[in-house]
Amino acid sequence: MKITEQEVRHIASLARLRLSDDEVEKLGEELGQIKEFVETLNEVDVSSVDATAYILDKQNVLREDELKPSFDRELILKNAPAKEAGCISVPKVVE
Amino acid sequence: MYEKYTMHEIANKIKEKEVSIKEVLEDVYARIDEVEPKVEAFVSLTREYAYNRAEELQKKLDAGEDIGALGGVPVAIKDNMCMKDTNTTCSSKMLENFVSPYDATVVKKLEQAGAIIIGKTNMDEFAMGSSTATSAFKNTKNPWNLECVPGGSSGGSAAAVASNMGYASLGSDTGGSIRQPAAYCGLVGLKPTYGLVSRFGLVAFGSSLDQIGPFTKNVYDSALMMNVLAGHDEMDTTSVEYTVPDYTKSVGDDVKGLKVGVPTSFFKEGLPEESLQIFNNSVEVLKKLGCEIVEVNLDYAKYALPTYYIIATAEASSNLARYDGIKYGYRAKDFEDLQDIYAKSRTEGFGEEVKRRIMLGTYVLSSGYYDAYYKRAGQVRSLIVNDFKKAFETVDVIALPTTTGAAFKFGEKQSNPIEMYLEDIFTVPVNVAGVPAISIQGGLDKNNMPIGLQFIANNFEEEKLFKVASAYENATDFHKAQANI
Amino acid sequence: MKGCVKFMSKYDEYEVIMGLEVHAELSTKTKIYCGCSTEFGADPNTHCCPICTGMPGVLPVLNKKVVEYAVKMGLATNCEIAKFSKQDRKNYFYPDLPKAYQTSQYDLPLCEHGYVEFMVGDTLKRVGITRIHIEEDAGKLIHDPYTGDTLVDFNRCGVPLIEIVSEPDIHSADEAIGYMQTLKSILEYLEICDCKMQEGSLRCDVNLSVRKKGETKFGTRTETKNLNSFKAIARSIEFEIKRQIDELEAGGEIYQETRRWDDDKGIGYAMRSKEDAHDYRYFPEPDLAPIVLSDEYVNNLKVNLPEMPVARKTRYINEFNLPEYDAEQITNSKYMADFFEKATAVCNNPKLVSNWIMSDISRILNEQEITITEAKFTAEQLGELISLIEKNVISSAIAKKVFEDMAVSGKNPKVIVEEKGLVQVTDEGAIREIVQKVLELNPQSVEDYLAGKEKAMGFLVGQTMKESRGKANPGIVNKLLKEELEKLK
């Protein structure tokens, strides 16, 4: 079952992807197929099963509140596409 | 020149000073210069770093110091592992120019063991794929047949070792990304227990599924690599505090009486006749070795693939959200405002398969769908975990084909995503359950292409894998077959 | 006048319903998931590492103190502490959020179902606490006036926060302020947050709706985000109440929206960016293990909780005989209460210390627009100052002058007294000389006094004090004046 155009566009906007009309059409088709495929899980009775959220049998993995040296700013900003005054620069954020 | 030697053999020759580290390194780079244009296994080479390391290590060796278990051995790593001051691209346009400011824990461990990293290998973009063909940069070829894919997503790491460009390599395995290319390239590939090898510095795809593991030419080298890679890392809270044994001690152990489970009902459907025959032959070998073959049921294993595609894509949609054109990575050239940067950078920076999976992952987490998909997948995951737990109450290891057949040709199995995803059907249950598995060369098909044989063990029972895999290796000649390139 | 009555009644017909989401930055040394410093005010992007800037491949490790502090806050606000808790990812894109998800807690927070109580006027008010959870702070966006661009500083990324979510139990700006004040004082007493609102370490979002009295259905609510002073909280609430009622009265509609408050202009406005209708796609953080707390752990924190404001207030009333109002004012702030106790330990006169705090100290802090911790003078110095009065070294009047100096210079009171020669004169011979001089110079007053005009005495005392530049002991002045005047009778 195809996923509707409206839904594909909504998901794309949540994921910050921009799709052409053709891509919307194609992805609607493909995602629909995958959706049908993953919905085979509906055959499984899970009524009395807890979901595995964390695969390991571990808990409370904590560290002490101890300072570690930070990185040089140069290294932190090395890969930034645009920088200014020791900061990363982006177009004006509108609130 | 030295390619006839295995990893531990060359390590010994270096230690005994029969060869210098530089000679071994030059030999490998010469091989790369010769073969790489045909195979295209690497995204980048780290020659300068490697030669500096070689010199440094040789000095230490000459001064009588211990240079580690892998002292002077050239190895390659998948390009999704961060290495300080070198590019880490994940074979994506998105990270084409990203230079890591830090080292992954496995990189540090390799360095501590004296290994020399010679380059970073090609992969499916962000490890999403089974052919390495979703790489934004190049198609890596299968050294056994250049018309075939090497498998994926760690195809570059597999192809490099299979064509003697390095004595071993690291891959990462989220749904089969080490075992499937190992099978396609006739190598030994290990997916360790989730939590045994630190993921710190491994660019995340599916955080609850990802594990780093080695490609080697034989089981002993795989065990030796695990001696180096395994162990607790305080930087990774999913890394387990576990006393790492000397895995090489399990290699060559007697397997008489070892109970090997075979989940026939799980794999017999959809397995081509030839592959089934090869697998049955493998079972016969195990019987001859004195293994006890037991039929096991993995009732929920058939649901592992849909479970995997929900969990892996959901986690990926979140893990890959950070590639937004703001702080590093690709930023679109023309943009009008902030939202434009986000959408254009991500749309232009990611390839088709990555976008498809981000879309699916976003969909299954979106409002109103969480319970139906993500939560249910987590519940089925619990059932699959339990399946394996129960199976390992009665058997020591489970044997299974790694793939449905040998490496396919470029362009095949890419007509629709589901067909491609079905490639992972025998490898994915292992990641969903978190257990370890090894793929070794099980046989050759009629075209003389390698076919993988997979063994799965319970959590932290890698020793049993090395034991049974090495026994099989000793009893057969398949691993001696080499890619002719 | 009639119009005015109608105007008033319009607002009286409505009931206001508010819930507050308070964010408090925890005063740990390091960030929640990495070892970078949380210190405020460093150069941009210098307290950063690959982990807190969301580089590819990094993993978080939870800071132990963050759990401890959050549980303490839960215990101090009567919450149930979860035996099993986990962290979740909240996914959204924003330039100050480098991972594009905030690690927070969704359905299993550390603390739930608590409450706090406080006085609003003469009534005891109880506000329910829905939950307290841990999460990471985001970075800071700075507007660059030269280029018009926005600059991103990641220093604050990963500073640990607790979010305290109240029940919709708050019905006025006064109640909101009382609630906020109470949380602030608890946070201070626990020493888990520095509560510097101007630096953003304590801030709140106000969810507000109105409905006609008697209605059972809630009105549509708006959320005003990031209020970082008591004044801004109060003013933005008043503004929003008026706006919503005016809108409804004009036949308009209230939209569920996120709003900002411009404290300089005194107006609130709706944010232009729509955050995808808040589809945060929460899911359990696979990189972090669950938090499982034993009864032993929780009990241990519980028995070691410091004295809370209410207990301290009661103790001040019983132990030091302070009036209830004074005790409440002083104990509102832990720093002020600590100041009170330190000063009292030096001079052993709680009543006088309290008086000083309630009058001169409060005044000077207001004038200087600072808190007690930022004051130049110390509690020990105030104690010494009071001791000087008690030992008759200086008079109360001189003490006030000395205090003014202390508040500016931070010098010890003894030093000021010595430097300025303010030691009280108790030498009767010296004072008698001054008295005799004053009587000589004011024959008219002497005459008046002798004629029975008692008032003249006051004038003569004043003149004597003035002549001594305030240093003469007033008791001795009185005694000697009487003696000398007696002689003239």
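Quick notes
Lettered A, B and C in written order, each chain numbered from 1.
Assume a contact is a pair of C-beta atoms (placed from the backbone, for glycine too) under 8 Å apart; a residue touches a chain by one contact, two chains touch by 3 or more.
Source: prediction; values computed, not measured.
In this view the innermost chain, defined by its CA centroid being closest to the centroid of all protein CA atoms, is A. The chain pair with more C-beta contacts between its two chains, of A-B and B-C, is A-B. Centre to centre, using the average C-alpha position, chain A and chain C are separated by 40 Å.
Distance between chain centres (mean CA atoms), chain A to chain B: 23 Å. Here the CA centre of chain B is 57 Å from the CA centre of chain C. For chain C, the set of residues touching two or more other chains reads 50, 53, 61-62, 93, 95, 150, 152, 279, 281, 286, 288-289. Multi-chain contact residues, meaning those touching two or more other chains, occur in chain A at positions 14, 16, 53-56, 58, 61, 63, 71, 76, 88, 90-94.
For chain B, residues touching at least two other chains, in rising order: 98, 101-102, 208, 234, 237-238, 317, 321, 324, 326-328, 338, 342, 362, 366. The residues of chain B lying in touch with chain A in their complex are 97-99, 101-102, 194-195, 208, 234, 237-238, 240, 300, 303, 306-307, 309-310, 317, 321, 324-331, 335-344, 346-347, 350, 355-356, 358-360, 362-364, 366, 373, 375-383, 385, 416-418, 421, 434. Residues 3, 7-8, 10-12, 14-19, 27, 30-31, 33-35, 37-44, 46, 49-56, 58, 61, 63, 71, 75-76, 78-82, 88, 90-94 of chain A touch chain B in their complex. By the touch criterion given at the top, residues 13-14, 16, 53-56, 58-71, 73, 76-77, 84-95 of chain A touch chain C in their complex. Residue ranges of chain B in contact with chain C, taken from their complex: 80-82, 88, 90, 95, 98, 100-102, 104, 199-204, 207-208, 234-238, 314-315, 317-318, 321-322, 324, 326-328, 338, 342, 362, 365-367, 370, 374.
Per the touch definition, chain C reaches chain B in the complex via residues 50, 53-62, 89, 91, 93, 95, 98-101, 150, 152, 279, 281-283, 286-289.
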